[in-house]
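Heads up: the structure comes next, in structure tokens.
Labels run A, B, C and D following the written order; every chain starts at residue 1.
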């Protein structure tokens, strides 16, 4: 796999590469190089199957990572192309012209992460969340449990007592180093 | 007075036919279940289903045309029953058989399906035209061998009256058209498989692909009416076949037995064969069965 | 949260509140030493309910993982047809709607539409924990937690998922309730339609169902 | 299509006559597999309400609801399962430390009311409560029952050294042990001082040692002492103790405090200086006195502490051998007092006159004088030379070795090569025996009236003693002591048999008449208990604050019958351990400001 990364490096800038398994290589490229690289992979190499296409929310870095999983079935090897995009204005180039099946992935990512792919045919059409009004739910700053409680509510009538609190109250646990 | 009496007898006949149809349907469900290794519903389940459908509170209508489906279907069944002799030579069972009744009955057979297509389409459900289209296509196909068989019989006997056709077989079972006109019988009995709508020709109401085809929008009382119609339609068809090929019946018991046996032919096939697509079934009916029908006609003519 | 209490007590067509048993289980009847004969209305209702209970058509709509437990019911081993239970191919011809587990908001929309297309009397059987209080999906953003806020549930079958045997027990209970005239969720739904509608509209943001779809 | 192919399918009609596969209606509720996971069962008596089930539940299906009064070892809570959430994964069963929770094999529950699918297993009676099938755990557990072993000096070498026997946890070991904690807090009920145990263990687990010692100091000014020699009732009730080894709470506390050489920089007190201008005298520098002095001093009180011995620590100084609690550890805690501004008066025994003076010059006086009188064995010949009391022996030994005090005898009580017998079964007896061994005794025998399992000493102490080749004679009742002609002592004892006179009570040793055994030794050390000694007070004062045996009675604030005089420690409570004394001190720390009207 390393030779293949060298081959890519000769044409495009590879930021980092990380062999995950003997048959799975992960590389990172700049966003400007992503579409040319994918086009080149699709047309000139065996990696012309788009197996999976998804996003990761790196909220700490302020970035989304788009991961294209391409597979060379003849060689039984896969290549993961990772592209970091800005989280504040997440826009990436659509690859639906290369792989028609990418449309569903792009539609889903728009809905779940808010990443837009200008030109993608079903962009903005609801796939799973009809009439969603909150921030996209797969973003990590979306609090699922709080949303569920607020939007749907739970069946009332449940009470929970923390065992520690109960013991502390029953036996009068105090602290003497601080005034409470 | 005699007419009024005949109407009374025939009405009772219709009721008996409905009941017998429902019972036969229950037996068939039981048999299918047993073949599948199940216990199956009780044989009277058909009556319960009918009652339950009558006791559904809401009946949603889609305009006047919507009523035509169940009405025509039932009318078709009742019509067939009324215009052929159920029991030959016994006045209460003779019904209203007349000289050209075979033609009328053939028309009534189309009647029900046509009504379903019209009424069901009024419901506006997209599955309805699909189902209706399939039903009518298949029907045109199986009508070919059936009509050829009927033509053969008519050509041989020289009468369009079912009553006459039945009487012509009166001399014991060796005189039955089943044996004397084997090609016509074969064509007709194969056509019957399509007529009854059991497998392998049940794609019309295919519940898995297109929920119940033409009947998608029908519910409650409509379904109950349809069920009544289907019950009498099935029995009436069997009576027609009995009259045409098995020499009719001279007593109620004989009629019951013969109808049941003829019905079982369709069930026997249905229980063991998978389903044809509608194009396959059309190709099937227009193939060997039609050819057998042609042979039957040729044999009758020459 | 914030769902207001149901307003009025739903009534049966005869004016009897839902939940009160219309026939001879009332203790006052036995105080006279022998059961009171049923009135004509009650007799008719009893006959109707008996027919309804003995012939249930289950709507073929698997909403969640629990529909995998519905399959075995039709097989030789469990054979639900012997109880008069068959599949209902279309909502128009179905009388029982099974909510088989979690229900996403998107599915809820379709379920409401299907439920309202079913002719009365119609019944809802809820399978699994998810329908009671969210179950495994209690913190999911896309599934409802309390089914009876959106649809009137007649019978809950608990489990995750309930086995087919439990489902049969649920059907038996439903049939008994129908025969006793207690399975009146559909009447409750009609009488409290505004309440149900408000709850449904609260979670279905792009409400585009017809206001009257039966 | 051949004719055979067309006709062969009809053979299936033979099935119409065969028996159906369908389960008959009456058998439809089949028994499931033996380990099918159905509704919960719980042995409500064995359950301790620790809430582990509630914590692990991924669906938030389990609530802990109040079911009974909280006791030591039971929070009084019981799990309530919401079957609107449960998915029968049985994590709750696999994690249950008491092993009380289980899943029955019942699986059918149908109801029209959604509110009923919620109950407290074992409390709300259900038909499946006694179902032995289902999943009841036991084949594997998600909790780790084994504590991280503590490294120690090997038994055969430590008899020759005064070095600390227990070596302490490494950081990795401590975090691993701390991670075992279930954080249920049951231990805090059993701890007399109700320390913040789960909190500081959590801080240790997270590597936040500074926070850990601060949490410890909330209720304990002598944590290093407690970390080494506490009687640790917390560990007896630890949820882990039900089926495995309790969390090593004591060793973890020791680990946290040993991380810091000087705690004065680390402990951050934040209390209102309510006591500025008020003076408090503390008599006795033991655990209770140190507690009162420290916590009042950080509240701005002017505290004068009077200690008769040359160094503070009380019983923890003279009673506990230094191989268990070394002097530097004690010094560290005393430094904290100095840092808090306590005025220490060592070598200052209080007599009746000074007591009266303290009462008049201070706003409050605290007596934490401890039990300074060893009980007599009450056997004939007890006053023979060579028979000593353990308390005297240990005090003399510690003063000689750890201070420059001149109140010591010319030579040690136990000399190298002597054979020593210790009478008694408590921690003091073990201490006396092990100290004797380290002083060079050739042979040490502990003689105890009851069985080994009845010994009040810690089982760890007993084991350690045995590892050091100390012989333990059990069921031996001393009859008399005689002097042999060659100047040695003959301890004559009779064997005892254990008689259970009433059910539930521990059996009593009853002497087997007619048998006399001889144990010829050089020294006999009696260690059968301690008693109060208030003779330094005036008789009137004694009569006011104490009963006729010298035990002091106090109210809920820790105040004695004499206004302004508070008391605590071993004089007040009968448990006679350091942590109880600290708890007494804490009571007085609240009681004095309340009595002075400072709150």
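One rule holds in what follows: a residue touches a chain if its C-beta (ideal position, glycine included) is under 8 Å from a C-beta of that chain, and two chains touch if they have at least 3 such contacts.
For clarity, every value in this text was computed on a predicted model and none was experimentally measured.
Novice: Which chain is most central here if centres come from C-alpha coordinates alone?
Specialist: Smallest offset from the overall C-alpha mean is found for C.
Novice: Cα centroid separation between subunit A and subunit D, in whole Å?
Specialist: 51
Novice: Could you state the distance in Å from the CA-based centre of subunit C to that of subunit D?
Specialist: Result: the chain centres lie 58 Å from each other.
Novice: Taking the mean of the CA coordinates per chain, how far is subunit B from subunit D in Å?
Specialist: Those two chain centres are 90 Å apart.
Novice: Hey, how far is the Cα centre of subunit B from the one of subunit C, in Å?
Specialist: 37
Novice: Do you know which subunit B residues sit against two or more other chains?
Specialist: Expected reply: 33, 36-40.
Novice: If I count partner chains per residue in subunit A, which residues reach a count of at least 2?
Specialist: 155
Novice: Among the residues of subunit D, pick out those that touch two or more other chains and give their numbers.
Specialist: Those would be 20-22, 82, 84, 114.
Novice: Each pair of chains that touch: what are they?
Specialist: A-C, A-D, B-C, B-D, C-D
Novice: Under the touch definition given earlier, write down the residues of subunit C that touch subunit A in their complex.
Specialist: The touching residues are 1-3, 104-106, 109, 132-134, 138-146, 149, 202-207.
Novice: Going by the contact rule set out above, which residues of subunit B touch subunit D in the complex?
Specialist: Listed in rising order, the residues are 31, 33-40, 268, 271-273.
Novice: Quick check: in the complex, which residue numbers of subunit A touch subunit D?
Specialist: 155, 157-168, 170-179
Novice: For subunit A, which residues count as touching subunit C in their complex?
Specialist: Checking each residue of subunit A against subunit C gives 126, 128-134, 137, 142, 144-145, 147-155.
Novice: In the complex of these two chains, what residues of subunit D are touching subunit A?
Specialist: Against subunit A, subunit D makes touches at 49-51, 54, 63-66, 69-70, 75-77, 80, 82, 84, 114-115, 118, 183-186, 188-189, 194, 196, 198, 214, 217-219, 267-272, 295, 298, 586, 589-590.
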